[in-house]
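First the structure, which I've put down as structure tokens, then a few questions once you've had a look.
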Amino acid sequence: MTTTKKHTWRTRLHEIIYEADTPMGKLFDIILLILILVSIVLVMLESVKGIDLKYHTFLNVGEWIITIFFTLEYIARIVTVKKPSSYIFSFYGIIDFLSTIPLYLSFILVGSNVLLTVRALRLLRVFRILKVTRYIGESNKLAKALKDSRAKIFVFLFAVLIIAIISGTLMYLIEGEESGFNSIPVSVYWCIVTLTTVGFGDIAPVTPVGQLLAAVIMIMGYGIIAVPTGIVSAEYTKAGKSDTPQQDDPNYVHVNTQACHNCGVSKHRDDAEYCHRCGTNLADYEGDDETSG
Amino acid sequence: MTTTKKHTWRTRLHEIIYEADTPMGKLFDIILLILILVSIVLVMLESVKGIDLKYHTFLNVGEWIITIFFTLEYIARIVTVKKPSSYIFSFYGIIDFLSTIPLYLSFILVGSNVLLTVRALRLLRVFRILKVTRYIGESNKLAKALKDSRAKIFVFLFAVLIIAIISGTLMYLIEGEESGFNSIPVSVYWCIVTLTTVGFGDIAPVTPVGQLLAAVIMIMGYGIIAVPTGIVSAEYTKAGKSDTPQQDDPNYVHVNTQACHNCGVSKHRDDAEYCHRCGTNLADYEGDDETSG
Amino acid sequence: MTTTKKHTWRTRLHEIIYEADTPMGKLFDIILLILILVSIVLVMLESVKGIDLKYHTFLNVGEWIITIFFTLEYIARIVTVKKPSSYIFSFYGIIDFLSTIPLYLSFILVGSNVLLTVRALRLLRVFRILKVTRYIGESNKLAKALKDSRAKIFVFLFAVLIIAIISGTLMYLIEGEESGFNSIPVSVYWCIVTLTTVGFGDIAPVTPVGQLLAAVIMIMGYGIIAVPTGIVSAEYTKAGKSDTPQQDDPNYVHVNTQACHNCGVSKHRDDAEYCHRCGTNLADYEGDDETSG
Amino acid sequence: MTTTKKHTWRTRLHEIIYEADTPMGKLFDIILLILILVSIVLVMLESVKGIDLKYHTFLNVGEWIITIFFTLEYIARIVTVKKPSSYIFSFYGIIDFLSTIPLYLSFILVGSNVLLTVRALRLLRVFRILKVTRYIGESNKLAKALKDSRAKIFVFLFAVLIIAIISGTLMYLIEGEESGFNSIPVSVYWCIVTLTTVGFGDIAPVTPVGQLLAAVIMIMGYGIIAVPTGIVSAEYTKAGKSDTPQQDDPNYVHVNTQACHNCGVSKHRDDAEYCHRCGTNLADYEGDDETSG
């Protein structure tokens, strides 16, 4: 029965690649993370002139080895999922693709290999290895806090934008080109630099009136910084209150990294028998095949 | 009956221009916002030397087209309101006027067209298009928080001012003109730059004593930054608590963008029959005229 | 009865100078504040080279007029209080003295007149004019919050100091004198500039290792900034909770600016008959004298 | 009985060196702290060229005197503890060793004496002198808050890292070497400088696209700064709630600085009779010996 055998092999690979609950799956994810980190370091070092001149070949070979490994992994991910399209167009699927392609593109587009740093996004997989539910809980809480604060954040960004445009125009009129306020866009940029209290100092007002207005902008920025902080604090304080009861909440169940072999969705309940998205039986991959075999 | 016909036309225009509940009104507001954004971008680009040299005519024509549209809109707003003075001297009326006039002024005052960026304030109309009550709620909450914190903010700004004046004088005495601390006003400006943690670096202490005092000012600023943030956080935490009950509060009713055709006031209750400011019957614009006709 | 007459005159002057509840007292305080502001502006302008050259005589005369007024006021304050020492060595007494003396000193010590900006502290009197209890309440709350957070703030400043010393030494060893890290004190100064997120940029690391350590210091500073903010937020949230009940609290009474004519202490209860510090009868200044006369 | 005598002497020394509850112990700790501060100042001053040239011998002798005192103290600490290894490998034991060795090393390794600033860590002993329980409570609260926020802080640092890597690469591609963005590591460093709102300005974008991206990074940084602050605020607000009851909590007992003469562990309960780590009888050092003598 070749199909069963093949399926067994596919099932095992699926478990290793997609899940982090088995020792092999965990090991695979750890190796993956190390390779991602190494590849980011390689790309970074290659951009440093002095190092690139000395070790160009070494860095280049390293990049190629890792990229080939990632390519194989990408193919394996497609092969072991029943419905490849659901993986390919998922968030991680797109990230995985973007993390693999730049080096191949470098044959056509010189220098495109620096785009390999997009692999940093693959580091998000680290959450799969760590005690999962805890971090999922944190991210969910953060995501919920952000979603609840949408209107507040929108109002806030809007205020910053309007203040920056109007103050920027005024600074452009007051300071003029001698001080570096060459145009309104540059002045608006300077206003954002000042409102956010970053203050590079590449452009700085020199006229008394300009410095007075700058002082007003700074104090405004100082006040504005309080708004997002206050919002997040309030959200967290609220979220923190419903923290402990949530664990005793009967509506709260433990999930794991087990991934559906059909559509690739993970975060299934520990006692889940069927995928909550596509309804595939999670337990018997082979069983499924046996009936068809 | 010409009057009725004219009134019908005026009523419709009033609905389109002033309200955002009908499809036409919504469309009008969206077009308006896009034009505002385009006109701000045009003014900004014109201030960039390189771009202005190349596309001066194009940018100029664009500005004029939008300004003429805004002029017509301004006239239409005055015509369709029964009591024009209530619109002209309202917040939005003044903004609309200030957003239209600079280009006409540029015939007399060269360069006054950069003031067109005051149009950024017109972007506040965006709140009319968005799900209104939600954002009104947020702004009200923010306004209330600010109003409640008035005394706190006054005390805080006062403290910053006094610290800046005294530290500024000390820095002027310690550092002197070699380090850029040319006068007390400049030193006070530097103190505000430092207290707000902006830190341009255009002026920086060079003497050991000056650097020591600067370190003290910075740590003070670091502590002071905590005060407005703490205030806003506490206000938001308080506001957040009375959040949910407010929606069930019988004193809380849904309002819409429908504007009175007499005085222009909006945010009427959904079931309002008469304007809450001038008592005009909101429902029958014509009805009103029919009795008079 | 010359004594009674003189006392009546002294009592009235006492009321005008020390209290802000009568129209005359309020007017006096407002004039005082305006003069303080004017004198600070005069001193500031005098420090600006260009302005001083043009208007030196005008500025100098202005300073002298205000200083003479302040001197008379200082004498009046001493004369109208029964126990002058209690005023002279009070907080405001010392500030008033320090605000008057620098100009006289300028005969001996050239340039000491810039110290007149210490007058900024006299602006604290503004709280006497404003609706008093409210601001007293705010300041008391702030003072209480600071007092309660003493231990926290001490631990925090201690941590900043230790981190700055150790990181500063490391940066001095790593970067050396070429990058501006001339000595350990300068490096510690740089660390404080960085930890507080001010970042002047007059000194900045240039070696890779230095930049790496700088990045770590920045992220630490970013984290440390959260601590005082969190402390203040928590204190304010706590204080905010006991906010409303406090006004109904039978232990809370309304106080006014009426000052004891013996020891100068103010903030007496509205229904106070005797000074809460020295026991002098507040109501009858003359009555007291009549018995002695 | 020589042993008893010797033990008495050792016991007393143990009490003086390790504990801060007796007057002698307190005095010893205060002298120690002053010496630590003096020695840090000496090392700092020695690093300043101008001062070192003038006072080299004086500074050097001072350093040696303090170091010899610290060496004697270190030996005394080892001698008076029954189980020296438990002190040597404790946190303070290692700090004490590292604070003593650099000057001796300076015979072999020139310049290693600047490492003496590690003595700053010895300042942590200040908590032994101050009203102990209060500060222990604060540090415990801080430590607990940090421990509880571990997952949140990890997620946060992770986000900062990923944003910095990706934005850094983009800035490197956009700005290039003319603006100082020489390599990806330097660009990532710049991103961290910007995200944390430090903004040195040694490197700053000059192209319009670079400035636009920088503005986005700044506003993101502005938003991100809210996250740790919100976390700490929420933790403190939570901790603050359980503040007062904790003192009435029967599970909360008063501890003191009394240290076990066997293993050196301190913070024993006031009524402790045996060390909570090694079980040694705390009360009778001699008693223990008498039975063995």
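Each chain gets a letter, A, B, C and D, in the order it is written, and its residues are counted from 1.
One rule holds in what follows: a contact is a pair of C-beta atoms (placed from the backbone, for glycine too) under 8 Å apart; a residue touches a chain by one contact, two chains touch by 3 or more.
Because the structure is predicted, anything quoted here is derived from the model rather than measured.
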{"item": "Residue-number overlap at the chain B/chain C interface, same or different (half cut)", "value": "different"}
{"item": "Superposing rotation of chain A relative to chain D, computed on C-alpha atoms, to nearest 5°", "value": "90"}
{"item": "Chain whose mean Cα position lies farthest from chain B", "value": "D"}
{"item": "Between chain C and chain D, centroid-to-centroid distance (C-alpha), Å", "value": "34"}
{"item": "Rounded Å distance between chain A and chain C, as computed from the means of their C-alpha atoms", "value": "48"}
{"item": "For chain A, residues that touch 2 or more chains besides their own", "value": "185, 197-201, 225, 229, 231, 233, 235, 237"}
{"item": "Sites on chain B touched by chain D in the complex", "value": "197-201, 229-230, 233, 237"}
{"item": "Chain A residues within the chain B interface of the complex", "value": "151-152, 154-155, 158, 161-162, 165-166, 168-169, 172-173, 182-185, 188, 194, 197-201, 204, 208, 211-212, 214-215, 218-219, 221-223, 225-227, 229-231, 233-235, 237-238"}
{"item": "For the chain C and chain B complex, residues of the former touching the latter", "value": "40, 43-45, 47-49, 114-115, 117-118, 120-121, 123-124, 126, 134-135, 137-139, 142, 153, 157, 160, 185-186, 189, 192-193, 196-202, 225, 228-229, 231-233, 235-237, 239-240"}
